[in-house]
Amino acid sequence: MQRVGFIGLGAMGMPMARNVVRAGFPLTVWARRPERADPILQAGAGWASSPAALAGSVDILITIVSDSPDVRALVTGPDGILTAPRPGLVVADMSTIAPAVSRQLADECAARNVAFLDAPVSGGTQGADAGTLTIMVGGDAAALEIARPVFEAMGSNIFHVGPSGTGEIIKLVNNMLVGIIAAGIAEAFTTGAKAGADVETMARVIGVSAGASWQLSQQFPLRAFSGTFHPGFMTDLLVKDLGLGLELGAEQQSPLLLTALARQLYGAAQARGFGPDDYTSILRVIEDLAGVEVRAPGV
Amino acid sequence: MQRVGFIGLGAMGMPMARNVVRAGFPLTVWARRPERADPILQAGAGWASSPAALAGSVDILITIVSDSPDVRALVTGPDGILTAPRPGLVVADMSTIAPAVSRQLADECAARNVAFLDAPVSGGTQGADAGTLTIMVGGDAAALEIARPVFEAMGSNIFHVGPSGTGEIIKLVNNMLVGIIAAGIAEAFTTGAKAGADVETMARVIGVSAGASWQLSQQFPLRAFSGTFHPGFMTDLLVKDLGLGLELGAEQQSPLLLTALARQLYGAAQARGFGPDDYTSILRVIEDLAGVEVRAPGV
Amino acid sequence: MQRVGFIGLGAMGMPMARNVVRAGFPLTVWARRPERADPILQAGAGWASSPAALAGSVDILITIVSDSPDVRALVTGPDGILTAPRPGLVVADMSTIAPAVSRQLADECAARNVAFLDAPVSGGTQGADAGTLTIMVGGDAAALEIARPVFEAMGSNIFHVGPSGTGEIIKLVNNMLVGIIAAGIAEAFTTGAKAGADVETMARVIGVSAGASWQLSQQFPLRAFSGTFHPGFMTDLLVKDLGLGLELGAEQQSPLLLTALARQLYGAAQARGFGPDDYTSILRVIEDLAGVEVRAPGV
Amino acid sequence: MQRVGFIGLGAMGMPMARNVVRAGFPLTVWARRPERADPILQAGAGWASSPAALAGSVDILITIVSDSPDVRALVTGPDGILTAPRPGLVVADMSTIAPAVSRQLADECAARNVAFLDAPVSGGTQGADAGTLTIMVGGDAAALEIARPVFEAMGSNIFHVGPSGTGEIIKLVNNMLVGIIAAGIAEAFTTGAKAGADVETMARVIGVSAGASWQLSQQFPLRAFSGTFHPGFMTDLLVKDLGLGLELGAEQQSPLLLTALARQLYGAAQARGFGPDDYTSILRVIEDLAGVEVRAPGV
């Protein structure tokens, strides 16, 4: 059974790591703040003294951190993964970062006989807990086959989507749609509610109509519609991802009109202090603009 | 069994009327252009000489026409439904029109002992053919119970959504989301494709991720992604519905930022001559802005 | 000297009528609410019992009212201008209404030997007081020459801009720019102020730079920047004009992306109760979104 | 008379440097590509072997280059300005860069007894040629007094706008307005023209109305309206500046809805190959969306 390393024990990473342990893989972890590792150590994981130490001793090394510079530092920084990696090591970066950075790191890793997969996920903390994440993998197909059993411990939909960087591209496309659809639900439902329609009824009816979406049937009922804004997926992270999406559009000279507008509305959510809350907080921004409150605790 | 009248034998109305006949209801129709009725007459329907004649001889009278003035003319115009209606008649208007007009007509009908339901539908020509439409009914609950067996011949999800006008409100909320999500898919997928991702793969992966929507899994693969723009649902009609949605927002003083932007992009589709085509033609507008073509015949 | 009639003694109309009297023209007025005419009667104007009476007794009849239906009612309604007009009468409609309605009314008037000019104005209550309005005249050039001396009592820039309706078209283009530029100033200045720049300094510097505009040098210092929101030009009227502009764009299938977005932001101003205030209230909407206050009493 | 150094002999810098020479200042220059200096050397300027050499031998050192990293490299890079600067040196950076970078460089310079002013300009190549630029200066007031005579050779409006970085903030606010207003003119004029109004007439009338702007009276008649797209100010540079403005908004959590939308439209201009053309090329993007051409060679 493959030896697995794990870096990034946050709101997503911790339940993902637990599922790796549960599936029976020998797991070793490292964390910048060691106290964050306590729960997984108690669950049976071992501790490594640095990313470099991990990279020398495991078969598959999973990273899931905040942004491009964090991943770059883990891979190429002092005491980083490329210090003295085990030949044949597979690094699976499950963070959401710039596709161009993913590709560069894959090239640098390849030069050291290390495979670097970009393998971002969708499904939120619910999916991470349940082990039902969607994992979109860019990079070498053979390396994916090595990592597949570990991915299967964390997700139920594993896709090989193309060469290096393609996983990140598709994740950004997905999250642009998340941002647009959630903002769209916020404004359309606010208008409907202000006109007198019941939020729960609207959600049920549209859930089986052409306006249906995962956001409407899954995320909004659990969060904004019931007045709960504990994330889920933080506004701050969605803003980061929309920013990466807009950068991709700028590189590609591909206009992103709705994405750009949605990005600014989530910025208004941050300005109100909703950055650490669930991104469905966008509903509260639109409610304020419209001077009305839209809730349906029973949805 | 209730005697059913039907006015509005268009792309949606004709298959709906066929399903009423198939379910065994005695059907009588009227059409401004009588030749449009030929197929349903051959299928066994009878002919009435005017809306007034229909309203005097049926239990349930279905109307599904283009816009508010058309419905108003049918109901209150010369030789219209309110000329000499059968007491207890139930009018089920399945058009998408302004909620305020629906409410006014319901009031005028009530004064003549006629029940007027707003009962717009979602599901497109596919749903109309298959008899699997979603029907969102506003108005009197008892009248809905009278009409329900006929609705069940046309749809698989029948909802009583509130008092008069509420069906139209929810339909407009739904179609605002249709317009926003389709425009969002167009821009996000164009960017992803320009960056090198495969359209079919994106659609499959995002279809099981947080960016999933009915549009992405049902409409785009059948139309825009496969280069087919035969409607489905015409751009011109979506523009009309977004216009009604924006009017509702104006009445309610409820800002509709993404809806307003999407509306203008569909206007650009009209300017290119895509008005009679499927609304997923929005993809061609964004492709032109980005200077790229996004197709995946195999989706 | 031409005998002048006047209908529409509002915030704009009253100072315009005064300037007509001051210039020595014999003036007769009618008002739906006669008490509103008191100040101008005291200034020497006469009273007519109806629009029809005015139309039978003056050479030039000025109208400046709220919207298309108001003008239509004045011209074609019972006791309206076309009841028994003096042959050769020139109607100068200085309202901002739909160009298509202007053209229709001009046609109906022409059939009765009445000239109908569309002659909307720009310059706000300041310009109306000072007699320095810009007047954009569509319609017959000979009729304009008859009206010109009266126009010169009210404005300092009188333009013949083309056939019937063209005055309204240009007025709508102008007001779309008013709406866009004011919203642009609001968001750009809010960001600059939040970043630490002084509002008065920004206004002075940009006033001689490529971002300069009439709004920035004239309207904002007198209103929003000094915390004064007495109109000026009401948010409600700008919303109406942007609506007319968007209708024109819809007719012409000409996309108005920024206009549509700005329109929704002014709708948010209405939702906060700023409808009767100056349109530079848009600054308060953006300030709220950004959580900051932008004022420079000394500008 | 102060000895002046100059780095950045581009479309703006070259005419600015010429005006410094014309005013009688002894000028020394350096350029990464020495051949670009030929015209100014022929006009009497001297040559320095590096930024470091310049910084050791002049009183005032002007830089005007493309973006933040270029300025940072000039100041802190190898052979850069801070290698061995003359004590009391005033660096006047007239580039448009991120305010935060300006502030950092000012701090690093201060630690070496060098004053660093941010002094971006507005007025385009016309203003640079004519010596009528607006210069917005952030930083130490005493340093500005030293540089003022040199600034006066290049500009006619010199403003001390606040502490370090404030010049850049105001420049970004200005350029956000440039981007929004130009895009607004493009869409509003395209609609007016499609409805039948004459472009020249619209420009003349609105030029004395509330929709007036510098763009409309100065830039559009010389470029887009006359079918000339030679810059002026390149689309690519406006895109860069709007990007810096959006970054500032993100830092400040201040929503920039119109700016974000305009940014994407200029991106569409880049996608069509208009990046090196004048930014009024935005008119060609909107024309294409509307399917019409808007020109008025006589404006």
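Per-chain numbering from 1; labels A, B, C and D assigned in written order.
The definition used in the following text is that a residue touches a chain if its C-beta (ideal position, glycine included) is under 8 Å from a C-beta of that chain, and two chains touch if they have at least 3 such contacts.
Being a predicted model, the structure only gives us computed values, none of them experimental.
Q: B-C or C-D: which has the larger count of contacting C-beta pairs?
A: Pair with more contacting C-beta pairs, B-C versus C-D: C-D.
Q: Please report how many Å separate the Cα centroid of chain C from that of chain D, as a whole number.
A: Those two chain centres are 37 Å apart.
Q: Determine the centre-to-centre distance between chain B and chain C, using the mean Cα coordinates as centres, and give it in whole Å.
A: That gives a centre separation of 39 Å.
Q: List, in ascending order, every residue of chain A touching at least 2 other chains.
A: Counting only residues that touch two or more other chains, chain A contributes 249, 253-257, 261, 265, 268, 271, 289-291.
Q: Have a look at which chains touch which and call the overall pattern line, ring, star, complete or other.
A: It is complete, because no pair of chains fails to touch.
Q: Which of the residues in chain B come into contact with chain C in the complex?
A: 239, 243, 249-250, 253-257, 260-261, 263-265, 267-268, 270-271
Q: Which of the residues in chain D come into contact with chain C in the complex?
A: 99, 122-124, 134, 136, 157, 159, 161-163, 165-166, 169-170, 172-178, 180-181, 183-185, 187-192, 194-198, 201-202, 204-206, 208-216, 218-219, 233, 245, 248-249, 251-259, 261-262, 265, 286, 289-292
Q: Can you list the chain D residues touching chain B in their complex?
A: Touch residues, chain D against chain B: 257, 261, 268, 271-272, 285, 288-291.
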